[in-house]
Amino acid sequence: MSAVLDLAAIAPAFPDPTRGSQAVFRKVMEAMARPGVIHDLGFAPDAPQGLDRAAGAIALTLFDFETQVWLDPALRGGTAEGWIRFHCGAPLTADPMAAAFALITELGSAPELTAFNMGDAKYPDRSTTLVIQLPALEGGAPVVLTGPGIKTEMALALAGLPDGFWAQVQANHEQFQFGLDFIFVAGDRVTALPRSTRVTIKGD
Amino acid sequence: MTARPNEPERYYNYAYLDEQTKRMIRRAILKALAIPGYQAPFGSREMPVPYGWGTGGIQLTAAIIGPDDVYKCIDQGADDTTNAVSIRRFFAQVADVATTEDTGEATIIQTRHRIPEKGLTEGQVLIFQVPQPEPLRGLEARETETRAMHAYEEYGLQYVSLYESVSTHGYIASTVGYPTMIEERYLMSPSPIPKFDNPKMGDNPAILLFGAGREKRIYAVPPYTNVRSLDFEDHPFETQTWEEDCALCGATESYLDEVVLDDSGDRMFVCSDSNFCADRRAAGHAGPMAGHQLAALDKEPA
Amino acid sequence: MAYVAVKGGERAITNAHRWLAEDRRGDVAIPEIETDQIREQLSLSVDRVMSEGSCYDRDLAALAVKQAGGDLPEAIFLMRAYRTTLPRFGASLPVETGQMAVRRRISAAFKDIPGGQLLGPTFDYTHRLLDFTLAANGETPVEGALEAEEAQAYPMATIASVFAHEDLLEPDVRTEDAPAPFDLTREPMAFPAGRDQRLQALARGDEGFLLSLAYSSQRGWGSTHPLCAEIRLGEVAVEFIPDELGFAIEIGDLTLTECQMISTYGGGIDTAPQFARGYGLTFGHCERKAMSMAIVDRALRDAAAGEASAPCQDEEFVLYHSDNVEASGFVQHLKLPHYVDFQADLQLIRRQRRDYAERAAAMKEAAE
């Protein structure tokens, strides 16, 4: 994964990286602290083809040479890969177990969640954070969220999830302190679901 | 709220830390929020203030602060203690940020040893300076051992220690840094806040972040999280109370500092939270020594 | 009211800074000390500040010594806080101390070794008599060094090569494809520590702390019976491979002190008895530190072998407590107000004293 970059083809990132990444991070921090609340990252720069604005903003804010990033096959070798390599300097990995972040745009063809790193008993923070791009964060089949960050309960209706996805997220939660953490993006919008969140599927 | 100083030239990056360091800290914050009460290691940097003087809290603040924030910094509950003044001045300089003493107006509050009396709200972040993040350190010196205890949820040692305290004293003789259990999974040090403040941690609308610079750990309590102060059924958790009221504002339910008035045993008790006390006095509340010169202090610039 | 009532803290702090500057300057009738005087004439202070400050820059270290008023741990802190803001361009190639332009080289293990004993500049055989001629104003007469010691053949053989043919000394092993060395300035301490992490921590560690640990080891608290196989002081070249060139270029040189301690190792089931090594390396001329570091490194290797019992062999104890910037900050943070904590303690002690008095009264009553 180290093809020569065509610098001319790479779109710009934050006009002011310090200010831009700080503003994005505060939204992402709020999202991780209050699962299911949806935030807007419309102020972020345009992302390259294949990535929504919010996905690109999160990559610019969190990825760098210290984080191994797993890209889903749809992104590999394209303009998005070149953009991430150039702006973030992040090493790409083909091994989901080695990934600090996974950037997924086609959830339906992504590996099972268990393929990613769940952290270890002493260092559960060394787990993969999945950044998952969806068609929309609303309008799908609703689930109910409870747990830290949520006062009573929170409804979430992510669109475009493959069958059985929520069951995998529930299994992920059951293994706490181990587990993956999720950041969902669609267009300019972002919401997050840490491993601590309990998901109840309507009708369960 | 004070205006931002305009610094035309900078010798250091915005908010002092370089962007790579901020990203590293931000990633640790996200993991800390995802695993409430778990101590996430981070590559703590050397800061221009000494270890033990708030380097963890300063790094957390530097990693999240932006020019739209309003920053408050307290030590022992007060905005006007020297180290709080020093840290507040640091961020006013390096982050072009507005500062305030008003708890309600602040978006980021950095604190050492207290949680403000006034309830926090959604959108606020409370950043604790933590000298020793490991709640079990007093019982087990080795990090290799305590990390395993957290990994396997082996907290028997902590309960034995509390039980011994009960059998010696008839109650749990712990006063500050009273151990808490987060979401019934991780034992967590609340930092050296008095146990008086422990009940404010659970189900708090604000984000609570804890930074230990010298020990290189970050941990968090998200909003609306279950925080239980350890106790026994027959020896329930209890907080400090005073027979006295605040001598200046007459508050009956705030944490009080004892001020020595002379060498013949005279004392006065005043709110440790200087902003809370000043607000009450401004609203017309008065304690038995309302005219004391300490009350005039909050009219002075910090 | 000056302290309790710390309103006006801003003014107090500004005033403290001015007062400190005044104290540092001392009597203005005496000429101000220049940083180049410190660099040249207090060079051993400069060396220690560079070593423990983890930054090789004689001018900056001299400035730090001046700004700190001669308080070396404070100067080390200044260096560290500056260093942490510097961008990184890359890592140099490992320096080759075998290629050192040696100014001093001694071995206590052999009467003579290839390259010879070279005493060089040392306090070792000075009689510690105050030299009052130095106190006289003006130039101190300096005589050039005698030509007693022959120019040496370079490169001067290292102790490893001296022993090599007999396999008596554990060899230098270069791990090809080794991962990048652990970097304490970017990652938190992890245990068990690799030797890279340990040596980095010791190199940054406080000279006094390591000296005392080494001494405790000699007195039997985890003794390794060390022998000083070699100390060398001199200059080595630093080489760097810029990406755009793809080959190594020399970018400067460093003065280093290197110490190799050896001690007997009885061998194991699949290893023959031989001499094991402890390693010390510092910027500049810091011989006491390099020797202490080597002894402690050797002692900690017992820990890795599961033989730890003394403080100097306890990895967590040594590595967590060797950094004087951390230690100094935390000890001195006790100067910060703790009156919230103290109020809580006061309440508790008063309650316990009341309980005690009640118990004592009850016992007295029962006895009567």
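Order of writing sets the labels: A, B and C. Residues in every chain begin at 1.
Assume contacts are C-beta pairs under 8 Å (C-beta built on N, C-alpha and C of every residue); 3 or more make two chains touch, one makes a residue touch a chain.
Owing to the predicted nature of the structure, the values given are computational and were not obtained by experimental measurement.
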Original post:
Classify the inter-chain contact topology: is it line, ring, star, complete, or other?
Top reply: line
Original post:
When you take the mean of every protein CA atom shown, which chain's own CA mean is nearest to it?
Top reply: B
**OP:** Take the average of all CA coordinates in chain B, do the same for chain C, and state the distance between these two points in whole angstrom.
**Re:** 34
Subject >> Rounded Å distance, chain A centre to chain B centre (Cα mean) >> reply: 31
Subject >> For chain A paired with chain C, centre-to-centre distance based on mean C-alpha positions, whole Å >> reply: 44
Original post:
Hey, what residues on chain B touch two or more of the other chains?
Top reply: 13, 41
**OP:** Spell out, as numbers or ranges, the residues of chain A touching 2 or more other chains.
**Re:** none
**OP:** Would you mind writing out the residues of chain B in touch with chain A in their complex?
**Re:** 13-14, 19-20, 22-24, 26-36, 38, 40-41, 63-67, 122, 147-148, 150-152, 183, 185-186, 203, 205, 207, 220-226
**OP:** Spell out the part of chain A that touches chain B in their complex, as residue ranges.
**Re:** 17-19, 21-23, 25-26, 28-30, 32-34, 61-62, 64-67, 100, 121-125, 127, 129, 147-151, 176-177, 179, 181, 194-196
Subject >> Residues of chain B touching chain C in the complex >> reply: 12-13, 16, 18, 41-48, 50-53, 55, 75-78, 80-86, 89, 112-114, 131, 141-144, 169-170, 173, 175-176, 192-196, 214, 216-217, 240, 255-259, 272, 293-294, 297-298, 300-302
Subject >> chain B-touching residues of chain C, taken from the complex the two chains share >> reply: 1, 4-10, 12-13, 77, 80-81, 83-85, 87, 185-192, 316, 320, 325-326, 328-333, 336-341, 343-348, 352, 355
